[in-house]
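Dumping the structure here so I can ask a few things about it.
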């Protein structure tokens, strides 16, 4: 180059100073900066390539790194700290009716097979509903049932008990208590044996918990 | 000769004074600004300034503006009137019967105002002389926005659980009297049925062709199955698995598998 | 918080690691980040204030600096390297003399009412002037003053501090001297007391000399 000699007349800043300059440029620029660009912006006679080696070493192990992007350079977050750049927004939603009913049936009737749940709910249980309850950690797959086809059963987990403040699933209030609490329609079903007539309402439950 | 000389001398002096005073009224930010400019000619601390002399200077300024037919805004004239009044208060011996602040108090306050305005001017200059962001120092050029991750947690209370169970049990007891479940098909059933079929769907086909066998004859069952299948197909369309169309009102509803390119 | 105790069981990361985290967070954004925000993003038990002391020291004399802006922190390039950043300079609209003076008055006298600004400058403040400062994000509306008419007040913003490289509004140049000289006192004009009800807040009275 014609002006090479002319430029060498100016004394280049010390390498530590060049390092500072690159640090500032890489920080303030939105795009990665090429060596050529760096050289163009720094005082004549600067050696950005060498200064970069120093700068890069200085940032080793730090929270940000001097990285090469193609033929340009940039400052980026250290990979192991990427989690800091994420903000978790927790959204709380109510369980769907299908899910809460399925959960209730599992809790009251465990171990319960899918067929049993469907029989009690009167509708089929979508795979998603049980998956969701399992994902929530409230329901897990229990032992297979000793019946034809050996279907899997579902049981509630310790996390379920923890969430609902129960010591055991047996602590769940029975129908009689539900009615006393006003949760059951007290109107006697027409022509039917009234529900919760003393102790007859839980008859199918104890054995279900018994064989665990 | 000498008279002429004097005359010329005076007119030069007047001209200089006029030039010094009347630069351009539009350049002043109000009477206080003019007073501040005039006070600088006294070359003393603003707190020591002679308000009497300043009032004199200001009145001259207003007079000259009038001579030059420069129209002064009302507040310049109000200030002139006030300074004329202040001047008389300062010159005349105090009248003990007069209420209100003395001429000295008023003059002191004007000194304070001038000093305060000048202090603010200097501070403003110092402020603007500081290193400024975007000019002398810079913020990060590349702002990584914090990525927001949505996590959904589901909650339910023991009460929800009990109510749900109570609901089911109550329904059970009523069931033989309320429903004839034979003719009821739930959307979930229809969904379970349709889902595995999506993979086999070809081009547009009537929804009715997807009704389960055995549900097409009895009108009640057919109605239930059609409704459930339709609801299920809407759900699948919402999930992006199928397309759904109807050419006009009451025309057959058609569905097909969604083509992959836009999904 | 109910889970405070539970969380304190987890050990906070070593301070050097916390320093890295803050480094990563501050490098990632152009906006100052508050201590509270930092604490919220770092693992529980972290002490961002202490880690910041270390980080700040680490960047002393570097090409970028850790600076305090009110109760927030940011990284900015060193002012002596501004010449390298010509490319990044965003040409800002030149402020009028009225705007600059009004800004200074708000900064030094805050919270300042419009009437106070007018009293100091001796002229009425045009609507555009304050609007412009508000639009720049340097001035905002503060609390109403507890005086007759309850006038709104104006205060400077954290962005103002950020722009002029001030840690707090107390660091305004010459503030102490001005206060010592009594030039920041709100001194009502003598004899005008009946109008302003004694507090000097005679709003809509830009011409405070008018009544004598």
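Letters A, B and C name the chains as they come in the text, with residue numbers starting at 1 for each one.
As a convention for this text, contacts are C-beta pairs under 8 Å (C-beta built on N, C-alpha and C of every residue); 3 or more make two chains touch, one makes a residue touch a chain.
Just so you know, these numbers come straight off a predicted model, no measurement behind them.
Ranked by separation of Cα centres from chain C, the top chain is A.
When every chain is reduced to the mean of its C-alpha atoms, the one closest to the centre of the whole protein set is B.
Taking each chain's centre as the mean of its C-alpha atoms, chain A lies 35 Å from chain B. A separation of 39 Å divides the Cα centre of chain A from that of chain C. Each chain gets one centre point, the mean of its Cα atoms, and the points for chain B and chain C are 18 Å apart. The set of chain A residues that touch two or more partner chains comprises 24, 27-29, 77, 85, 87.
Residue positions of chain B with contacts to 2 or more other chains are 138-141, 144, 146.
Contact residues of chain A toward chain C in the complex are 19-25, 27-29, 41-42, 61-64, 75, 77-78, 81, 84-85, 87.
For chain C in complex with chain B, the touching residues are 27-31, 65, 74-79, 81-82, 85, 88-90, 92, 95, 97-98, 100-101, 103-105, 107-108, 120-123, 162-166, 172-174, 178, 181, 183, 187, 189-191, 206-207, 209-210, 212. Interface residues of chain B facing chain C in the complex, by the touch rule stated above, are 29-33, 75, 78-79, 82, 85, 100-101, 105-106, 109, 112-113, 115-117, 119-124, 126-128, 130-141, 143-146. Listed in rising order, the residues of chain B touching chain A in the complex are 138-142, 144, 146-158, 160-175, 177, 179, 181, 186, 188-189, 191-192.
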